[in-house]
Structure formats: structure tokens, C-alpha cells
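One structure, pasted below without further comment.
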């Protein structure tokens, strides 16, 4: 057995000696710190709604919305168990509210999106205005706004929650407060925000009720679908995305929230998309129809068949491809605005 | 008769001597150059549609759209005759197109808006996409885009043209070009632009087809009116403006064109508004209903009763007040974005 | 002699009949309103300092600074006599202040620049801070800031005033106010603004003391010249501009004032520049050295030899070319930010 | 002993059953995910230069710059050992380069700052331009620019490296590439970038050589110190910060890099500052003088005396207070621009 190399000995001694000072040598970890390309710790995953729904209903038996504050099953990335994260920066969960329940009012600096998956008759209230939920609607709870949810209809309502919880935790910037009231007082008629900002018009004076977040907090599915259908009929279908639009903050043209972008796309019948990869990992919610996604990285390959209300995650810099025989509609969200604001967004469209 | 004052003599001699060098003394004109407050050379004026329309029809007999290129009667500010200007910076006119006519394709750096006043079945085409005109629609021809108009319906169509012609002339920045084709080729289905950008969504990739101008070039009246009606029902009516919204470029949240802002407002039945004044002079087009506007300045006072399709101008820093017994809808436009971009916009709401 | 054409008759009758309603036919003036390219009414002109200076000194005898408020000889464009304008949108003048004089405090919405031409020891005070003037310094009086000038030195001081007076007049947006004090109270040490914002650093909290105008209100010649010299030594000299920099608002990277851009350029010895044209007309002030400018348009050709302290104007869309045997330094200003903000700036570099 | 509560049993069974589906109940972790206020896992720490320097010199013996690529001792937050992070989002290290050495050329999407701590004669080259290092200089390596370091002087040179490595890792957005050349070719004279953009002037045409990062990549200490000294003499000293300026990207007025803000402040002799806290954690480098910092959180209290070249970290939402008997100069950096871009920056100034 050889004696250890003197330089190596010198270094090991150095490392030991300086350890108490919280010093560590860069050169031993440089390659991991500055990788050649992103190697996300996240993995692709699919949550089939027919498998998840029974657990949601059991959660409905196990705890009330009021006791839970928010009765949500978190979709955890299989490689990030225990972190309440579906990608490194994003949180996703499915929330159940039953007829007659209230999820009490609170506020926090984390931004939240709701995408309605099943049922009708529930509502969200944001800073004094309620909006009624319908499947396919995209609803925002802007950072630091009071919000509560309730349900005055007859059947269970389930929606997807998307939050920037891991991002805010990483930045050590989370604040929260509970309301003294169970439900907030309604001060504006339903639809006022959409009437003010949602018709390509705006109040004459430049109010920004929610700061950098969209003043529209409900984007009805009816409108989004109508736009996609008209474009499918008339315009060229993109070979990677089908017909895909991003939701917009009408005060800026940018993303609805500073931390999260949201998208809706329609794959025409028989669509077989080309592969792409990008630095922002995304969670998808299947609105209508069915299809297939294939995802590849150095670590492996995944193929998921999906149907209505299923959810799947495509991590950063994984190569993905979408196809759909009958055609389908997909909602998705990611942290792209953060990548773009920091000059870190990168995308490749492959052929 | 007194001898002239020696200092005055000295000065007069100086003025005469330096005149050939194109030098002139500031102190003789300082007060006019730097006034205490705006004293616009423009005056208020009203054009009653029932008086104007016969002349439009006579113009229809006197010249074809093709020969005229654009068959327009310019609304000239009575104090700016010969300048083709309704305020110092803006041009307004009423354009007539008859069934079967075409106003041939051209482009120019001047931005144009069309506000449809009477008739249906005409269209404007902008860079390959047509939009059909209905009364109350607000349509844009962005700077330097090819555009032509045509009419495939049965009755005369009249619209208001608003352009920044005097502004572009003042800046010496006008370019224009005639198309080699009479009408441009249609390359996109009608409604494509609205589907892409008009539903609080946008294409995923950041195209700006018209630069700083809105990519939506048609804002249907149906939508605008719907927003105003909902707000009238539900929200507080402003004591100066009634219910007033500005049209928005969905890519920025700013004005639809860099040089012109456009507005639509609804005065509820019995509205008796408070007076205001602002630095941007505005032209109003009455869409529905009737009412009264009173306008005052140091130079005088005006009171105009107005009805459907009438037009009136409120010059800069004139105090104006609107009222309406039956309620009414008004469209208006001004050069406010220029004032705002240059830090020169100023407004007072009086009581 | 032929009978008049019936259509022509019809039209003339129409024009006469509708004239009282302030209606005028677009088709008779369309070509003038929408020209093929800019045809500025301005003409090129040169003011030789040796010719102008004696008149400035005579003005010093004819009126005091206090009586004149501002003792300025306006450089009027020969084609715009009586309009106090050197281009359609800009005002230029040479201001004289004599030892011991004060030009009293006032404020106005018009923005002003001062470029020091001759003499030392005078100062400008802006909102409580004085700055001492040296030849070649570029100084700003932001819109609506109190300002006064004084002179505690020994020799006459002359500077170039550049203002957006015609622009503000055109927009009907001018307000002004006289101070109750002759000179304002000094509240900050000289150089405080430059120390706060002039070293590529800024106060931690985002103050904008002058809104959209640069918080630095004095740009010393020493620094500007040093930058130009280093670039002349080391970097490629531009074939059109020599070494040319624009002054910057350090809070935005944009122009120092919303309405005016300012530039300083150095032509190396033996520079023979290529021709260019652009939509913004510019006034030049010769700082050091001498040279020649040739200017052409459809209306004619001009050739001016210039030396220190001379001034000349290059109107919009006139083709200009600079050359200099011994080398020279030029300051200039134009309304380019307005053209850019409105999407109307256009430039051609010819060869 | 009681039987387990039936609801609790129901829940535990639910948790176990849904675990294989990567579902987890929000209500068990909600309080941790949405904390009342930030509870950073980081702790305050001080690195005394007299203790760290010997290890740097031993590293100089143990490995060459070329072998190490970058010979850096990472300052690890004591609570984040093994993560190469000084706060959750930022990396800090001290880099040593010895006379004659070269740290070879590479590039990465991570942004880097250098703050020179000791020695002279080394240089950094960025995209073809070298800048020589002097103590107190702040130097940038913009994202994705080629850069190498070298040393042509006589004594060891040490600088602080600040990078957004943890942030880019969290976003899964890191790319890197080694150069085929050891040192890059110099294509511009030293100082060209500073001459172009560093004097409150800029090239006429709007180049952005480094995208959202400052085109100045070296901010000399001489200038920064001069600004601080003038402000200390003349302006009010802030009760929390002394005299503090932030470094600025002259193209935007914002932070020099999208992910990191940098600051320099001078505490006058006898300064005893008031306490503050903010969401962005910061690393400080002591440039001159000495002083004391006290830091408090719910978890404890720390008091560090510091002298020249010492480094200390103030984590998010820890209450900190600075004092200095002799006066001192401090450089610091944090991830504040990220907090601000995402609407998450929060600050409290206590008394």
C-alpha cells in the first residue's frame, strides 16, 4: 500500500485545520457548484386524478376545511419528499372544499394561483370581492391580500393550488397573518375587477391595487378557451406547443404574478409535438381530452398517458414532447418570470 | 411729444442692428414664451351631425373614395383654420365610404384611429388582417402599417378619423408610401389579433408586431359597453367622469398608440358632473344618448347641447363640465400619452 | 377658354357651403399633410461668436440681468423668425451675466439646459444647491424647479440656453411662477447631487428629486473631455460621429431631460466624416478647435466653417457631414427623446 | 393510557395510504410553510482576516491557481455547512492569486462580484478587456462572459468573491463552459468600458454588451470613497446607515447585476447606529477602520468587533446595529434585487 501523496496530505490537513472557521475549499466542489448544464434534483411525475380523488374525499372525512385552514393534498416531487415542493421553487396541491364549508381568511406574502379542476359553486374572495369558481377558471390570490374560500353549491369542489412557497422560503421573505374574521366582508360586486381591467380597457387613473400582480384575479375558462379555439381554426399551430397562450397582467403585459407564469394550450386532434427543454420546471393540469407526454434527461426516460384532471411535472432542462390523438387542453404554470427577471431563462427547441 | 427714453433708444438700435444675424431679445417676449398657465390658441367647438352629414353625402357625389384616396371632411378648430388641426397637436375628420368603394392601400408614420359613427359592412385591413366595422368600434392603424378600407355592405359608412398629423409635422418626422396594390392581400383570418392578445392572454413568445402600438387593432363596442354597464351597476360613479375607462395596449397597460389616448365613458341618467381642466385637449364623439357640455376659459364660455354622432372639442386647460339627463356614452381621444411621457401632464378636478 | 369642369364646380360649391361649419376637404391637402419624407420648414444656419459677442455686450449695456429677468439673445432659425425657435420644437439663446448680477429666481414647466461658452465664476442654483459654471460644463434646470443665476467673478459669463419652449407651447402645457425671493436659500453644499448620483452609485433609498429629469444637474467638462480623450486614444473612431457620447440620466440610462438629448463629441485631427440624416434637428456649440459642416436638402446646400464658441443648427432630415483638420470638440442637443418615446425617430447613415 | 383519537387514526391511515402517490397533507405543515415572519436557517458569523489569512497562504502552498481553477476558501454559513452558501441564496469566498499565476478562462451563467481585499497588480479580464485590481475596487464578472484572472505584480492578492451560486442552483439554471485558451485575448484598452459608460455619458447607440448587467465592470475605490467623503462632510448622516450608497448599473439606475446589489458605506467617527432588519441577508467586507456590529433574532444575540478585511454576515430579518469609534468603511452585498423584482423586499427601521 502506497503512502498518501504529500500534496493530498497537505490539503487534508488544511481542510481539517480550517474547518472550525467555517472555511471550505472551492476546488473540491467547483464542478458541482458550476455544472455544465442544469441537473435538477427533481424527477418527472404524474398524478392520476382517479387515484388521487379518493384520497381527497377521505381527507374530506378526516378533517374539516376550517380545522385544516386549507384542506390540501400536496403533490410532492418524488425526489423532494418532505419539502412540500413539486419543483425546487414551486408548490402544488389539490384543495377540496365541501358544500357549506369555509376556508378562513388569512394573508401571506406567498402568491397563490387556483386552477379549478372539478365542481362548481365555490368562491374565492380577495380583498373584498368574490369570484365564483368554474372548472378551467384561473384565479389569483395576490401576495399579501386577505383571502378566504367558501362553497355554497352542492357537490365537492377541487382545485389546483400553485404557490411560490419554496421560493419565498429560500429567500427568507415569508410573512403571514390570520384574519380576525372568518370570511371577509364583501365590498364590491362580483366581476368588478374584470370589468375594470379585463376588456382591454382600464380605469383612467393608474391604480395598482395589487402592486406587481394582475388586478384581474379571475380569468374565466370560457374566454381562454374561445381564444384558443379561434387560433386553432385560423392560425398556424406551433410544432412544439400546439396553440399556446400565456396569461397576462393587463397592467404590464407580463406574467400575472411576479413569481409565476401561467399558460393554457390546446393540442389539436392528432398532434405529435416536437421536443423542447427549458430551465423553468412546469406543472401541468389536464383540462379536457387526453394525450401523452414523454420526458427525458441524462437520468432516464418517462412516458405518461394522461386524461382529464391528471397532473404532471416536467422538471428543468428535461426534454419533453407532447402528443394527443383526440386533442386536449392543458393548463400549466412555472417560475419562468423569475428566470426572465434574473436573466437566467434558457430554452431549446429540438427537432 | 416726449423724446424717446435713451435706454429704449439703445435697445431699439440694438434690435435693428442684430436683426440680420437672426438674433432677437428674449426679454421682450419672455412673458409670452413662459406663460403663467396654458393659454391655448384653440377654441371649443361643436359639430352637429345633422348639419355635417349632408356635406358628407355631397362629398360622396363630388369625389370617389379612390380619387380622394381618403374622402374625409376635416373638423378644423375654428381658431386654427387652414392648419387641418382640431387641437394644436391632433387632427380629426369624418370619413365616408360608400358601398363597393375602396380607399387604396398606403402607409405613413402618422398613427390613426377610427371610431365608427354610422353604418355597417365596411372594413379596414391592417398588415394582412381585416376587421369589420360596427358603430362604436375603436380601430387602430399603427404607425407605418399598410392599410386600406373597403365597403361590401349596402349603406354609407361614416367614421371619425383621429390622427397625430400636426404632432408629426411639428417634429418633422413624417414619412409616407403608397402601395403598389389597391387592396392588400389578406393573410390572417379576421379576429386573429384579438384572439392572440385580446383575452388577457398573449402568445408565449414576445412578438411586438406593431412596436409601441397595441397589437389589437380593433376594440369592439360590444365589449367596451359591457364593461361600462357592469361598472355603472356596481361601482361608484365618478363625480367628474361618470364611468370612464381608457383603452389599453395589452402589451404595456399604456395607451393604444404612443401619441394618442382613447377613452369611453358612460354618464348615468341624471348625471351632473363637476368641472375639471387638464393640459391635453380632447375631441369627443357622442355614441349614444344626449347631454350638455359647458366649457370656460379666460377667453369666454361655451355651452353645447349634444346628441348622437355629434362631435365637440375641449381645448387644453379649459374648464369643462358634462351633464346628461337621459344618460349617454361618449368616446374621446387626446394627446395625453405625450404629455405624460414628457412629464407635462397636469390636471385639476374642481368642485 | 373652357367652361369649368362640372365636378370641380361641385366641389368648389361644397367647400364654400361647408366653410362656416369649419369643415375642409382632406383630399385637397392630403399630400402636404402626409409627406413622403420630412420637409422641415427650418433652414441651416451658423452664428459666428465673434459676430454675436458684440451684441451680447451691447445687451449688457442696454438692460440689466434683473430687469431682463434673463438677458438672452435668442438664436432664431432664419425661416422661423418671430417664433423664438431654432428648430420647430426647440429654443436656443445666448445668455450674458455680468459680475455682481443676479437673474432672479423663478420656475416653469419648460426644461432648460445651460452649456457654458465663456467665462468663469457664475453659478446656477437649483432647488437649494448651487453649481459653479466653467466653460464646457453642461447644467440642467429640471422642469418646475426654482432656479436663479448669479455671478461673483470678474468677467462676463456667457452660456447657451437650450429649452423646449416651442414644444411646451405646442402642447399647451406651460406653467410658470416667480419666486418671492430674488435668490433662493442654499440648503445643500455644492457638489452634493454629483456626489450622490454622479459616481455610478446612488442613495440606497430610491429618491427621484426631479422626477424624470436627471438628479445630477451639473456635468463638468473635465469629466466629459476625459472620457472622450480616452476613447479617442483607444477605441475605434466612428466614421460618422468621431468619438461621440450622449449625456445620461443616471437613474434611467436615458436622456437627462424627457424632452432633450445632449451630446458631446470629439473629432480627431484630420477627421472627414461620412454624411447622415435623422429626424431630430440639432443645435451645435463648438467647444474647442475648428472645422467644417456641410448640410444638404432638396432646398439647397450649405457649408459652414466654424471655430470656438460658434453655433450652428442642422434641421431634421437634412444630410450633414462634419470634418475637422485640427480636431475639435462639439456639444449638441436635440429633441431626440421625444422622437424615440413616440416611435418616430428615424436615422440614415450614408456612405 | 388513552386509546388514540379516532380522527387522528383516520388521518394517520390516510397519510400512510397516500404516501406512495407522493401526496402529503398540507395541514400538518402549514405553519412551517407559511411562517408569521422569516425565520432564516442562517446564523450570523464573523471571519477575522487575521485568522483566515494564514489558511489562504497555506492554500497557496497546497494547490496552484491553475490546478484549483479558482483557489478560493468558501465562507460557509455555520448553519449551512456543506452547502457552499453564506446565506440561503448567496455564495462568498476569499480568493488568493500569487504573482505569476493565472486562473484560467471560463464562463458560467452565475454572476460574480470581486471586492479587492489585499494586494495590487492582479487583473481580471472580461470579454476582451482587462482591469487592474486595487484594494477597495468592486469588479463584476457578468453572467456568461469569458473571464480569467492573472497577477503580474509582486505580492499575494486576495479578493472577496460573491456569487449567486445557490440561487442559480435553486432555479436549476446553471450552465458553464471552459475556454480553450488559458487567458483570453485582449481586444480593448483597459478602461474603455469605464470611459464609455462611467462618466454619466454613454455611447450614442444603445449597446447592452452584458444584457441586464452593468457595462462597467470595474468601479474604482478612489471614486466611491470620494463620493462618500463629500457626503459625510456635507449631507446629513443617516442614523441607521451612516453615509451609504449603492452601486448602480448606469444603463438602468438599478443594481449592477440582476441577482445582487452592492453597497459601500462610511460610518463617521463615533457613529452609534440605530437597529434595522430586512429580508435580504447581507455579507459585509470591512475596507478601512474598525467597529462593532450587534445582531439579534429570536434565536439569540451576537456581538462582533471587526477590523480591516474582516467579513461578517447578517442573515435575513435579523435585527442589526452598527457602531464605530474611529469611523470605518464597509462594502456589502445581498440578493436585494431579487426580493425587489419579486415584490418580496421588506425592511424595518427601528429606533
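Annotations for the structure displayed:
Labels A, B, C and D are assigned to the chains in the order they are written; within every chain, residues are numbered from 1.
The rule is simple: contacts are C-beta pairs under 8 Å (C-beta built on N, C-alpha and C of every residue); 3 or more make two chains touch, one makes a residue touch a chain.
Protein names from UniProt, one per chain: A, B, C, D = Gentisate 1,2-dioxygenase.
Fair warning: this is a prediction, and the values are worked out from it, not measured in the lab.
Chains touching both chain A (Gentisate 1,2-dioxygenase) and chain B (Gentisate 1,2-dioxygenase): none. Comparing the centres of all chains, each the average of its CA atoms, the largest separation from chain D (Gentisate 1,2-dioxygenase) belongs to B.
More than half of the residue-numbered contact pairs at C-D reappear in one of the options A-B, A-D or B-C, namely A-B.
Between chain A (Gentisate 1,2-dioxygenase) and chain C (Gentisate 1,2-dioxygenase), the centres computed from C-alpha atoms are 52 Å apart. Averaging C-alpha coordinates per chain places the centre of chain A (Gentisate 1,2-dioxygenase) 30 Å away from that of chain D (Gentisate 1,2-dioxygenase). If touching chains are joined by edges, the resulting network of the protein chains shown is one closed cycle, each chain touching exactly two neighbours. All chain pairs in contact, by the document's touch criterion: A-B, A-D, B-C, C-D. Of all residues in chain B (Gentisate 1,2-dioxygenase), only 188-189, 191-192, 195-196, 198-204, 216, 219, 223-224, 226-227, 230-231, 233-235, 241, 244-253, 263-264 touch chain A (Gentisate 1,2-dioxygenase) in the complex they form. Those residues of chain A (Gentisate 1,2-dioxygenase) that touch chain D (Gentisate 1,2-dioxygenase) in the shared complex are 7, 10-11, 14, 17-18, 21-27, 29-30, 33-40, 42, 45, 47, 51-52, 55, 58-59, 61-63, 67-78, 81-82, 84, 87-89, 91, 93, 108-110, 143, 164-165, 167-177, 211-213, 258-259, 279-281, 315-317, 335, 338-339, 341-346.
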